[in-house]
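Okay, here's the structure, questions in a sec.
By letter and in written order, the chains are A, B and C; residue numbering begins at 1 in each of them.
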Amino acid sequence: MLTYVIRRILILIPMLLIISFLVYWGLELTPGDAVSHLINPEAAGRMSAEQLNDLRESYGLNKSFIERYGIWLINVLQGNFGHSLAGGVPIADIFLDRLPATLELSFVALFFSTVMGSILGTISALKRGSAIDSGLTVVGMLGVSIPEFFFGLVALLIFALELGWLPVGGRLLPSYTSYWDHVPNIVLPALVLSLMMTAGVMRYSRSSMLDALSREFITTARSKGLPEWRINLLHGFRVALTPVVVLIGFRLPVLIGGTVIIEQVFQWPGIGNEFISSVRGADYPLVMMIALFSVFAVLLASLIIDVLTALIDPRVRLS
Amino acid sequence: MEENHNIALSVKNLKTYFYTNNRCNRAVNGVSFDIEKGKTLCIVGESGCGKSVTASTIMQLLPRLSRIEEGSITYHSDAGDIDIENLERNGQKMRAIRGSEIAMIFQDPMTALNPVYTIGFQIGESLKYHTDLTKKQIRDKTIDLLRDMGISLPEQRIDEYPHQYSGGMRQRAMIAMAMSCNPKILIADEPTTALDVTIQAQIFELMDRLKEKHNTAIMLITHDMGVVAELADDVAVMYMGNIVEAGTIDEVLRTPTHPYTRALLDSIPVLGEGKNQIIEPIPGSTPDPYQRPKGCQFAPRCTHYSEQCDIMPEETQISETHRIMCWKYQEFATNGK
Amino acid sequence: MENSSLNRKFDRILALENAGKLKASSGNRALSKFYNNRLAVFGLIVFSIILLTAVFAPLLTSHDPLKINLRNIAQSPSWEHWFGTDRTGRDVFSRVLYGGRISILVGLGSALMAAVIGVAIGGYTGFKGGWLDVIALRISEIFMSFPQIILVLMLVSIAGQSLFNLIFIFVLTGWGAMYRMTRARMLSLREEEYVQALQSFGLSTATICYKHILPNALGPIMVNITLSTAAFILAEAGLSFLGLGVPLNLPTWGNILNVAQEIRVLQNFWWMWLPVGLVISLFVLSVNFIGDGLRDATDPSQQG
């Protein structure tokens, strides 16, 4: 098992190297002074041309592309992600500031959609052909077809603007004293994001469960005289679970995409929101670092998913 | 008919229809047979003739879009007769019979075993629901069963997963699972088709031994005449949902009477006859189940076809145990071959 | 109960069968299965209607979607302006119709191009194997480890906003999924015996691959095209809603929705965003129903 994890990590390293290389290349292609990737651009703006040149020399920016990449990579690995062009804030500080909000939102959505989605999908599969199944199928289809921002806007209009039950947006206002004070703020964005993702998980769980139930070992289990609940849960659901877990890993990019847009709709101060502003403001160092970070998150998630699958599926674990 | 105490299960005029794609397929169209304790009944036929469906029907393991149309399946249990066709498909009474009174083994032990549970868990499940044994006792009994089936190091093997077993061992584990509660009847649906020929012989030997030891009635489904000759006490030949000929092994193999049985036997090369033997393939192919011939299902391929055959022939007893579905059996019965 | 309704269905089929009324269905089985799927047919009808209204927009409305009329701003729906007018007095209905042209072009066009590239590469390298296959696989892995929206926005920030760039970026980010699917199909199909037979006849790789094997993978490819069309239309809408997709001077469904970012518009001028949001949802829904219908129809393991 340990060797499996280590092997999996070793595969990731060249992948990350190539991607970071591409990102750095993209960074150099964009307009702007490469010095700003390393020091505060406002400070750089106050320097004379000579000072800047000295600085370039000291950072090795006059060296070849590969060497420049190497220096940049070492900096990134040491936690020096460079500086945002807007205000010259270190990117690492922006991450520290914005990440908790994004993680909070996505974990709630991921948890809720996984639990609801797999339960509803399983019910749908077990009641195949019934009214419940048709109803859930159509609802699930609507869930994957309605643009999430549109759904968010409608929810915002109804629950925040018309009914006034929940705040329009934002996360932590100065007037809040405890963590729990911001719960009303997270309800709408989390609910919208969860419901959209639930639809996808539900559709997938249903087909995975149907597939598992059509396998021959279900007939074997039945031929042993086991009760239906045991067949459905221990034999059907347990086997259907593996592809669903894999799917949740694959859905992380979808979750990130959804978070970016939902954060924008509800003015949720997360990384996604920051990303949109950086794209709009052509803040290239920030754009690239967030992109690199998201790839890192996706690859890390795929690693975790692989380990999880290995844990629940003996065929993977023991091969 | 007199009541035979040796009969474990009797099937009478059983019809099972399938309703897929908005059509009706008369997969089993009126079959009758008895399975006797301590004997092996072989059901032979080409793929699609309804032999596997017959087996699933007895166990009520039919797919959703199918049902028992008419007929009866009577299980003669120690506590009296049970009409299986009247039991709810996955109801409690049916479940009490499955696995403990009638057990089944399947064609492909790879797909028939759940890949995510250990062999021990899957055998133990059966014991858990049909006996009052404790966890410890279940485990001991499972190890004994595996040892009985000729699996070495059962203490270790019990905790392994199906993919760690070889094909033959998986089928042994399947048999261990089926035999765990000493069923009166064992239904084996082509148990060796997915296995190597050498393994095949071992599995049959095992089944034969179990039959002797526990007086189990075995219903063996196969398409292999060689297997029939080897194992069967009684034979039923199926074609397109009917049993066209049935009898003891001697009757069917030595005096085959139905044109289909004879054609089937003629199409098989016999070992040791050399390469000059005449092998007669059966002309034509099995008809589309949705466009069945009106009368005798074999009529379009039969060399002895006459107009009479456009009406479905009735079952005729030609001896106490030998019966046949053909209008012209007398011609063949007297002429021999 | 399910059992009794199933039994009734069985009785009905049996009665028809006994009366000899059920004939073997002639023609394409997949096609007839598709037409028997109510949701798929519904999808096809809605899809066609929206597509036709977009194509024949000039016949359906006399308003110019780009014409600003400052004397006529933010009018609620009327006989003259079915969906009202926006804050610069442009007719929303005509903007939805003309916007459909670009949105559908972006969605369908990107999906088709991504499919052509993905299938061509996946088919060939999957069949050939070797180092070409490894390289293609690695490249697709790199593209697929970026969350799509991040990759798209990153490229938008580098390449700039234009209709062409957007389609190009969609193709760049979308070919990977098609490639993967085709390659996987290819890997299993190339082991089939008829392929070995063709090879023994000495046919060229390209002929075997594209002419003989590919048609067998057509079902999943079609399904994938429909599903990625839906995904691209949603992506365009999302990006344009953020103001980062198609340049705002072109009407697209997403661009029309862009105004709804303002709370005032959201609350007071529902006609500027609600109808177009519903049209997008309905269109994507219809495409997804078609995709599902195609999947069920082309999957031989599905019965019913």
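Keep in mind that, in the parts below, contacts are C-beta pairs under 8 Å (C-beta built on N, C-alpha and C of every residue); 3 or more make two chains touch, one makes a residue touch a chain.
The shown structure was predicted, so the numbers you read here are calculated from the model rather than taken from an experiment.
A summary of chain positions shows that the Cα centroid lying nearest the centre of all protein Cα atoms is that of chain C. If you compare B-C with A-B, the chain pair joined by more contacting C-beta pairs is A-B.
On a Cα centroid basis, the chain most remote from chain A in this structure is B. Work out the mean CA point of chain A and of chain C, and you get 24 Å between them. A straight line joining the Cα centres of chain B and chain C is 49 Å long.
In whole angstrom, the spacing between the mean C-alpha positions of chain A and chain B is 54.
In chain C, no residue touches two or more other chains.
Residues of chain B in contact with two or more other chains: 64. Among the residues of chain A, none is in touch with two or more other chains.
Across the complex, chain A is touched by residues 2, 39, 138, 141-142, 145-151, 153-154, 156-158, 230, 234, 237-238, 241-244, 257, 260-261, 263, 266-267, 270, 273-274, 277, 280-281, 284-285, 288-289, 292 of chain C. Looking at the complex, you find that chain A touches chain B at residues 128, 215-217, 219-228, 230, 234-235, 238-239, 242, 312-315, 318-319. Put simply, chain C touches chain B in their complex at residues 6-7, 9-10, 13-14, 17, 22, 24, 303-304.
Of all residues in chain A, those touching chain C in their complex are 15, 18-19, 22, 26, 29-30, 127, 129-130, 138, 141-142, 144-150, 153-154, 156-157, 161-162, 168, 252-254, 256-257, 260-261, 264-265, 275-276, 278-280, 282, 284, 287-288, 290-291, 294-295, 298-299, 302. Chain contact summary for the complex, chain B toward chain A: residues 56, 59, 61, 64, 90, 94-100, 103-104, 106, 108, 111-117, 125-126, 129-130, 161, 163-164, 174, 177.
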